[in-house]
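Across the two complexes that follow, subunit A remains constant while its partner is subunit B and subsequently subunit C.
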Partner chain A sequence: MDAIVLQILNGLDKGGAYALIALGLTLIFGTLGVVNFAHGALFMLGAFCAVTFNHLIGLEQVVVDPTRTTAWGTPLEIRMPYIEVWLGDTGTAMLNYSVPLSIVFAIPAMLLVGYVMERGLIRHFYKRPHAEQILVTFGLAIVLQEIIKTYFGANPIPQAAPDIVRGAMDIGVFIGLDPGTVVYPQWRIVYLLFSLSLIGGVFAFLQFTTFGMVVRAGMADRETVGLLGINIERRFTLVFAVAAVVAGLAGVMYTPILPPDYHMGMDFLVLSFVVVVVGGMGSLPGAVSAGFLLGTLQSFASMNEVKTILPGIDQIIIYLVAVIILLVRPRGLMGRKGVMET
Partner chain B sequence: MMTKTSPRSDLFMFVLFSTAILTMPIWLAPVGAGYPDLLQKFAIFGLFALGFNLLFGLTGYLSFGHAAFLGIGSYAAVWSFKLLGMNPLPALLFSVVFSSLFAVAIGYICLRRSGIYFSILTLAFAQMSYNMAYSVLTPITNGETGLRVLQSDPRLFDISSQTSGSLISNLFGIEMTGYPGFYFCAALLIVGFYISQRIFRSPFGMMLRAVKSNQNRMSYTGLNTRPYTLAAFVISGAFAGVAGSLLAVTDPLAGAERMQWTASGEVVLMTILGGAGTLLGPILGAGLIKYFENIFSAYNEQTLHAIFSFLPDFMEGPVVSLASLFVGEGWHLTLGLLFMVIVIFLPGGIMEGFNRITNMFRRKRSQVGKGTGHSRSPASATAAE
Partner chain C sequence: MSIIRRPMNRRSLLKAGAASGLVLATPTIISRSAWAETNFRNDPTNSKTVTFGFNVPQTGAYADEGADELRAYQLAVKHLNGEGGGGMLNTMKPLSLNGNGILGKKVDYVTGDTQTKSDAARASAKRMIEKDGVIMWSGGSSSGVAIAQQSLAQEMGVVFMCGLTHSNDTTGKDKRRYGFRHFFNAYMSGAALGPVLKKEMGTDRRAYHLTADYTWGWTQEESIANTTEGLGWETVNKVSTPLGAGDFSQYIAPVLNSGADVLILNHYGKDMINSLTQAVQFGLRDKVVNGKNFEIIVPLYSRLMAQGAGENIKGIYGTTNWNWSLQDEGSAAFVKSFGQEYGFPPSQAAHTCYVQTLLYADACERAGTFNPAEVIKALEDHQFDGMGNGPTLYRGSDHQCFKDVLVVKGNENATSQFDLLEIAEVTPASQVTYDPEIFGGELGPYKV
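Moving on, here comes the complex of A and B:
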């Protein structure tokens, strides 16, 4: 029982990341009809927004204290982040909370990236074949990845979660298990809650705002919405930017779990595409539920008990499930009729 | 778009192509590419792209997992070396058999879907093979270290069974390194080119092109397209397998990184760069990419300083630091940019570019002929168009 709960929890936070990326992919695909192979790169860019923000607020003031010397006889250098010099305790707290705070930095940054990408490149590919869309976004993903590699190096850069959620939490107690059986890192819980609320936010945005209504209408029948005199292109630009922000925020908050490096995007992208296909192309609830489902399945497959029966299953379970689903239900779990049928 | 062909012009093209490939060591020497290691790569990746083009160029099915077959071919070849001895012929046979078998299995599943689903499914299979080669299949693939031929391997048919020295594949006493290795690869490339030319001109090839232009209509006429696409998939997988085994023949080791999605992406780029759906394009693309990879990765800060030394000092620094982003380690950045530029501006690849230019000249010439009658200069005629 406790092992099962633990694995479900394990799967859910990874599933949260898959679901967020897949959500953005589906939004873009449903509205713009573009297959975005650079979406994983957006996730990665988000993660590096957190790294950049951390660098920025961590800039240090170096004061040489001539009266004291170090053990080597050189004058003692006192290093202190500027933010602490200026803001005192608030600054210390900000440094501590740098990952959640970098959301504030990441939202405008990712909006800008998404806007520029859509206006500069994707817009010209609406009418081109899917193969060309795949190829050009694939090229873009390589370019983004290599630029990040040039500036941040090839090594993963670990980011720390705030002190208050750095420890582990005894989840089992809440659901009536013995204390100490299900102990789980707090940040992963935070990530799960964060991804759930972000998903909820996107759905609420689509469901309860006029803008969202237009977007949903556009997903259903793009031409008619255009004929009604709505400038669908401009709205879709914003949809692209929102999808970029969602992927970016998923990346920002994932940094304490997985130290970001330049190729993390592609690793997630392949899986997210599988998630989209399993959930059903063009279905938002499908993408989200498939994300959580596959995340959980993956963590179950990596249990030692399962691995001893079927060695290596944890590496391939997702692909295997995707293949089976596509053969049995070609449209995916919740795919709509008429979306990408050919 | 079918260009007019005749058996004679095909034969001429084939002879010309074979001569060009076989004389590569001579005419590529002036550009600094006339050494066997690079020439081998030209031939091997040319073959790989040629096979990929049979699938993508003809049927329009964009496979994003073709590197899996390359990897399988390499592994099969190395295992043949280990068990049967260093002769490349059984290795080739093994690779073709195994990569075709895998292609049948993977193709049977993936070809149930088309378009982007097909791309994702092939990508999933390639990633699955890659992950498995790294983890579960370590007894077969030797995991991260890569599979090598060891002195202690049985190698049943090696008569000499030398116990010392490095193990090099040899064809009845000819060691497959340097120029002999290149000519071996080149011979297979020429054979591959011949097969692909025949497929292009055959009714089978016509059928594949029809699949690309409108598969629905094909099904409406009561024709089951799947056997044709599956055949194309298997043939192109076998080509990739041969290319993989040649990689192992020229350098007897195999690693899982050959199956990664970047390798799959590279062959797509080669084909697109040269021109998908053309006979010569993919080989041209493969050659260009391998050539520039070789040149660009060799550059470093010093060589760049030497190149840009003609600039005034205040400009040289920034120019060098800008250029150094794209060379050496940054070669992948150049590759990505090239990818985008080609897809955006020249989706038909270099061959389309050639065609455009020749058409331009041809049109001009015909207009010059007409222009005398209409007393208009050719320049104004093109401008008016």
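Moving on, here comes the complex of A and C:
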């Protein structure tokens, strides 16, 4: 029982990340009709927003101590973050909470990235075949990751969660299991709640605002919305930027779980595309449901009991399920007729 | 034209015999010495310089390690050419080099990118050999890639000095006459860790292995399990994890209630950073199982990995080939040279690459030729000191170096971003030496 609960939690957690990326992908595909292979790179850029913010607030005052030397004979440098020098305990607390605080930095940064990407490149490919869109966005993803590698190196850069949520918590006692049987990292719980909130926020934005209504109408029938005199292009540019922010924030909050490196976006991209296809092209609820479903299945497939019967199943489960679902429901779980169909 | 020949007389027979003898002997008389020297690939005899190839991961997951290796190679070339203070040339014993290159030729180099992929590494090495004319090439940081390059070295007749590779197979079942490894291996990690684990964790433990699913992971798992089982530990489970899994949570969760009280992470690089970070997040280090504190072991450590894992490495045991905090004169000389050149201390990958370059150069000098067959003989069973790990033997039967191995622990009180590992014990070479027969393999011929 405890093993099952743990894998459900793992799956939901992983599924949260898949769902957030897939949600952005679906938004872009549903509105702009663009298959964006650079979306994983946006997740990675979000993670590096957290790294950048941490570097910025961690900028250090360097004092050379002439009485001490390094092992290679140069004077020893004593480093102290400026923020601690200037703000004392408040500065220390800011450093401690740098990951959640970096959301404030990441939102405008990712909005800008999304806006520039859409205006500078993506809009030129709206009417081009999907194959060309895939090629150009995949190329863009590689360019972005090489830029990040040039500045930050190839080694993962650890980002610590705030002290208060750094340990593990005993989930088992809340559901009547023996103490200590289901212990789960607190930050992963935070991440799961964060991803659910963000997904809820995006849905509320689309459902309950005028802007969202126009976007939904545009997703259903772009031409008619345009004929009503609404500048749908401008709205869609903002949709792209919002999708970039969603992916970016998913990346920011994932950094304490997975120390970010330049390649982390690619690791998520392929799986997220499978999630979109399984959920149904253009279906936002489908993308979210499939994200959680596939994340959970992947976790269960990694259980030793399962791997003993089916060795290697953890590596192929997502693709296997995708094949089965597409055979049974060719449009995916919640796909609509006419999307990506000729 | 008549087809009837005149009968051969004694005089004409003698003339014909003398002429034939002269014709047959001519190549040998004229070019005997030249033949001996040119009977190997990329002979630099007629060149003022000799070219080395440094084939390191410049892109991909190990690019940072590759960059550090490249720095070390460049420093080694500088020292060989008599620039930059000499570094370990001041401490290496015995030493035949004198800071004017090798056999009077300045050392030049070309670089390549392995991308940590066997096929890319072989293609890059082949280019260096065929286009750039390298006499030797070197690089790391993966056992699969090193083994692939060793095979190429044997095919092409050009010496390959391995960089960072830790699999037993490199100098075991896949050893090659033209490949040499200074770095230690998984067996040595196990042999060095054993006594420390016994002292620190006792003999009644239950271990759970998470292992990277490729040659290095398998050999390390085998070696460490043999060691721990020899101590009396029980192996609860061995689970293979895909290379580059990213999120290891689904593999770590089953450890929690498996009854194990030790988790052994047979991971390297990014996998180790991620699996260790996540294992700590799952509270494993705070758990008490079977009445004992839960422990995590990372059998192969590197400083660059330790930087990536951050504070999660505190108090965690592992082994390393070398550490910049060593106080012997060889290490001090290298750290000083490297630190002054680049502003930070070298990694173990940098150290092994630097040493390999000097050892090859010294072997050429001792052999008096660049002929690889003779250089190989000069390296085989060569004993040296002053290069950071105490007296060392380059064993001829498997081309593996035998030297002291460091058991290290994540530093609880790091004083800088580089001061991440503290040396828990220096295990003497005698304790990690083994019979080469246990890993099998054939070196192959000198002449190819």
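Basically, the second predicted complex is superposed on the first by the 326 of 342 C-alpha atoms of A that agree within 3 Å, B and C clash if a C-alpha of one lies under 4 Å from a C-alpha of the other, contacts with A are read in each partner's own complex, and residues count from 1 in each chain.
Following the convention adopted for this analysis, a contact is a pair of C-beta atoms (placed from the backbone, for glycine too) under 8 Å apart; a residue touches a chain by one contact, two chains touch by 3 or more.
For clarity, every value in this text was computed on a predicted model and none was experimentally measured.
Of the two partner chains, subunit C is the only one touched by A:184; subunit B is not. By the touch criterion defined above, A:168 lies against subunit C but remains apart from subunit B after alignment on the C-alpha atoms of chain A. Once the two complexes are overlaid on the shared chain, A:327 sits against subunit B while remaining clear of subunit C. Look at A:258: by the touch rule set out above, it reaches subunit C but stays clear of subunit B. Touch criterion met: A:140 reaches subunit B, while subunit C stays clear of it. In the superposition on chain A, no contact is made by A:210 with either subunit B or subunit C. In the overlay built on the shared chain, the residue A:315 is in contact with subunit B and with subunit C. When the shared chain is aligned, no partner comes close enough to touch A:67: not subunit B, not subunit C. When both complexes are aligned on chain A by C-alpha atoms, subunit A residues 315 touch subunit B in the first and subunit C in the second. On the subunit A side of its complex with subunit B, the touching residues are 35, 121, 124, 128, 130-132, 134-136, 138-143, 145-147, 150, 266, 270, 273-274, 277, 281, 311-312, 315-316, 319-320, 322-323, 326-327, 330, 340, 342. If you check the complex, the residues on subunit C that touch subunit A are 59-64, 67, 237, 239, 242, 244, 246-247, 249-251, 253-254, 256-257, 270, 273-274, 277-278, 281-283, 286-287, 304, 307-312, 324-325, 332, 335-340, 343, 345.
The residues of subunit A lying in touch with subunit C in their complex are 2-3, 6-7, 10-11, 13-14, 70-74, 149, 153-158, 160, 166-168, 180-181, 183-185, 187-188, 256-259, 261, 263-264, 267, 298-299, 302-304, 307, 314-315.
Against subunit A, in their complex, subunit B makes its touches with residues 60, 62, 64, 109, 112-117, 119-121, 123-125, 127-128, 131-132, 134-137, 215-216, 261, 265, 268-269, 272, 325, 330, 332-333, 335-340, 343-344, 347.
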